[in-house]
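Below you'll find a set of structures to go through.
Each of the next two complexes has subunit A plus one more chain, namely subunit B in the first and subunit C in the second.
Then we have the complex of A and B:
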């Protein structure tokens, strides 16, 4: 019953992470502040730019952008912004050897831990952000979903996004397993992931000619796809979109597993 | 029955080197030089079921590397290693289910949660049936006296308390082999004695095979029947502790308290004669000069109030051995 071991791991990681409530609330302030700045900037562009209809032509109204920003702030907490700090510490200190003396697969072991650590920020910090968004004055308020059906699809897409973020996090760990490589490649990958997730600028507002490609690339599944489903600006079939997310999850998992197996064969744990 | 067999295990590491000389740091940024270090050089030994083996050697000799190979963490460059009829690194998951590992400098407990939660997690990871787990936990809590610590978060335990919990954690699943990498590092005298006692009884009662690496020779003396000495990646000695002593510590030290102050004087056949306050120490080889002859000689020259003959200190013996083997 390996499942039990992984559930237990997931549980203990969640318990460990949920202890730091104050830090989570402090983090929430950053997220709220950031959301307000973004909304202000979008409002300025939508109201005073030379072509105030540009956003609408792209299929995204100001009201939709505001909700996109709030939901985006929530999902941003789930994105891997570096190698999981705990696993990184284990790799650097050599404690990874203790992970290797457990009779379970290292990839699944880390997948479970990372998944737990992707979810826990959503609890204290994420909940605070959403409540703050709902309490804002009209122009800044986190609006309701476009439709009930859209909302259900959004939940499913968020669920898939969790797996996508975790699979990507595992891939980063597999890369980081070779301590000689340092953090350089990781920072590049993470930055690419953040930009193309739509967390800085909704992907719909990018140039028209790029839209097809932007939609198909893996990182849209992190944030842009769930947000679009929520605000109702997704032109594609919702089911196809979720399938696309799972395609990329499979790709990341396979890459991560292959790389990890390769790295483990020549792993070196020095000192003590 | 041979439980562990290693033959001709080799392992090399590459270590980057910064070039020497002017602008070295700058050149080093573009040109990488590496040096290959032979961590293990044809290491062979075998260990039988139920043995308690001390594995000693100076820092950097390859002790931990060997332990990591035996626990399936590292893959050696060449050589054969079979433990419980498996090759550790090829069947890692199956292999590690039967071993327990304690790294004195690392913690396997979850820092932020109570000890009991870590134990429960291990129960699930090792798939230990509940009745067996409860029984084992009860047993370990009693002998290690950790009952009152189980609900404390690990971050709030003292080192000694934590180490007791670590050992308990590594034995929950009743492993057949236990690797202990410097388990007594940083422990106080009482904790050390308790830990040694515990390891001894576990070894006797359950027949767990134990391999202990340590720099504390008292650990070795108290626990181990068999000793392996490694240096520069090579096994230099494999045998009984008494044989090792015979080889490297043949001397005895006679300590005598004298009543009057006297100047140092030569003692025939003695290796070394010295005074500390009112104590005279004579290091001698019983093979060359028997103790009774030495005492007779001394009592002719000085008034002996009190007298002991000690074995040479094992720490000193090991230091002497490392020096002799130029490690």
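Then we have the complex of A and C:
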């Protein structure tokens, strides 16, 4: 029966967030602008630099990078950029005690809410970004997937990435529960996640010697792995990388649950 | 004079309240980490692809660092304006500011301050000086003056953007995300070698929001990339003009204010 409670929590949050359509469209302008600048910079490097074939040697052509950038902008919206604002407000105002009274598991409750929050930006804002990408002139256009099979793997990887982002978001909430530490540790972790997700630069273009490590670390599963599957720069290991994503999801969930249990044992409720 | 004292008091209170958290120093490190990681993409691209014609990594990073330093200064000292639309207008808290016999902009600007944001400027400045040394720029008085004025102009420019955001928020109440184009996204443009920046972008960031005037032209004048000194010195007047334009929008906004919230 509890599963129904979680599902309805998820539905309420999704519907509430989807109402802000105009805000989402306005936000999309930033994503589109960002994508266009990135593509311009990549084009300059791929066309005018001293070693124009360096990108191809790393396994990414300019066309692939352009698609990577657009899909990356979409997936970037899914990454947690802070503790979920609603949950943070509850921790700060002491309303977290109300959450504890509910006869449902706090971790699962927050997990559903955060999951809803991670999906909704993909809908209006994300859709706008993708449509804009498809409508761009040739040199800037969001290209088709490398293959049908690759596309199906991409969808699965995006689905897993959603769980990964949510599990990470829950871990952040568990850390934030200790109220006297503030947001410092959170911002640190969020930033590490963003940098190593590949949103700054496709991980394949990072230094060659780091590649193995970059591939195995958890945050590649956020963005780099789905994008690589889409542009077809990693076709053979598809099933293995999705397993890798789920390995990290398990790690984040276990860490989050353990930490939350520990924090709740000596929680400080402030406010009144 | 009294206003300055008031502003100083605001900063002090926010600073001290920030120190209450055990993890406050991590915030400072985090912003420093942002400064280091933000250009990491462009650094890796240069190391993989080599130079772009005459454009070496230190030239691009110099322009970028000047823009980032200016942005960091504005973000530190008028941070209140940045969160003003969300914190003051939507909640109706702006009413309280109107009741006090002090300058409105000053109250709004001082409504938040985080010392850790200054580490962005610190990082930017270190990077800029490092790039200037790599290019063996003479530390003459004129060069120092051009760079200092560029940072002043840049501070005014980004302050202008924040004032503009707040001014427009009187009309829109919500959804001002596109303003990021002129804040965090604007200095991404500086990562692109100047000669290859698309004409439209170059015009917008020169003649409307003078980001390139406070970064590229001073850098070009000091390093001798074929731009005259007078163009480098335009940074301060350009920044001032943009800030005054933003203030006029803000004034119109204040007159239009009808209070929201409960």
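Keep in mind that, in the parts below, the second predicted complex is superposed on the first by the 270 of 272 C-alpha atoms of A that agree within 3 Å, B and C clash if a C-alpha of one lies under 4 Å from a C-alpha of the other, contacts with A are read in each partner's own complex, and residues count from 1 in each chain.
Note that a contact is a pair of C-beta atoms (placed from the backbone, for glycine too) under 8 Å apart; a residue touches a chain by one contact, two chains touch by 3 or more.
Since the model is a prediction, treat every value here as computed from it, not as a measurement.
Asker: Superposed on subunit A, are subunit B and subunit C clashing or fitting side by side?
Answerer: fit
Asker: In the superposed arrangement, which partner chain does A:237 touch: subunit B (first), subunit C (second), both, or neither?
Answerer: neither
Asker: If you count the residues of subunit A that each partner touches, which comes out higher, subunit B or subunit C?
Answerer: C
Asker: Between subunit B and subunit C, whom does A:37 touch in the aligned arrangement: first, second, both, or neither?
Answerer: second
Asker: Kindly classify A:9 by the partners it touches after superposition: subunit B alone (first), subunit C alone (second), both, or neither?
Answerer: The answer is first: A:9 touches subunit B but not subunit C.
Asker: Give one of first, second, both or neither to describe whether A:206 is in contact with subunit B, with subunit C, with both, or with none.
Answerer: The second partner, subunit C, only.
Asker: Examine A:97 and indicate which partner it touches, taking first as subunit B and second as subunit C; both and neither are also allowed.
Answerer: After superposition on chain A, A:97 lies in contact with subunit B alone.
Asker: Once the structures are superposed on A, label A:19 by its partner contacts, choosing first (subunit B), second (subunit C), both or neither.
Answerer: first
Asker: Could you tell me if A:85 is touching subunit B, subunit C, both of them or neither one (first, second, both, neither)?
Answerer: Neither partner.
Asker: Between subunit B (first) and subunit C (second), which, if any, makes contact with A:267: first, second, both or neither?
Answerer: Only subunit B; A:267 stays clear of subunit C.
Asker: Taking the superposition as given, tell me the minimum C-alpha spacing from subunit B to subunit C, whole angstrom.
Answerer: Taking the overlay as described at the top, subunit B lies 6 Å from subunit C at its nearest C-alpha.
Asker: Which subunit A residues come up in both lists, the one for subunit B and the one for subunit C?
Answerer: 180
Asker: Which residues of subunit A touch subunit C once you look at their complex with the stated criterion?
Answerer: 20, 22-23, 26-27, 29-30, 33-34, 37-38, 40-42, 44-46, 48-52, 54-55, 58, 180-185, 187-188, 191, 195, 200-201, 205-207
Asker: Once bound in the complex, which stretches of subunit A touch subunit B?
Answerer: Listed in rising order, the residues are 1-2, 4-5, 7-9, 12, 15-16, 19, 93-95, 97-98, 100-105, 180, 265-272.
Asker: In their complex, what parts of subunit B are in touch with subunit A?
Answerer: Within the complex, subunit B contacts subunit A at residues 13, 16, 64, 68, 71-75, 92-94, 96-97, 99, 101, 103, 105-108, 110-113, 117-118, 120-121, 124-127, 181-182.
Asker: How about subunit C: which of its residues touch subunit A in the complex?
Answerer: 20-27, 29-30, 33-34, 37-38, 40-42, 44-45, 47-53, 174-178, 180-181, 185, 188-189, 191-193, 196-198, 201
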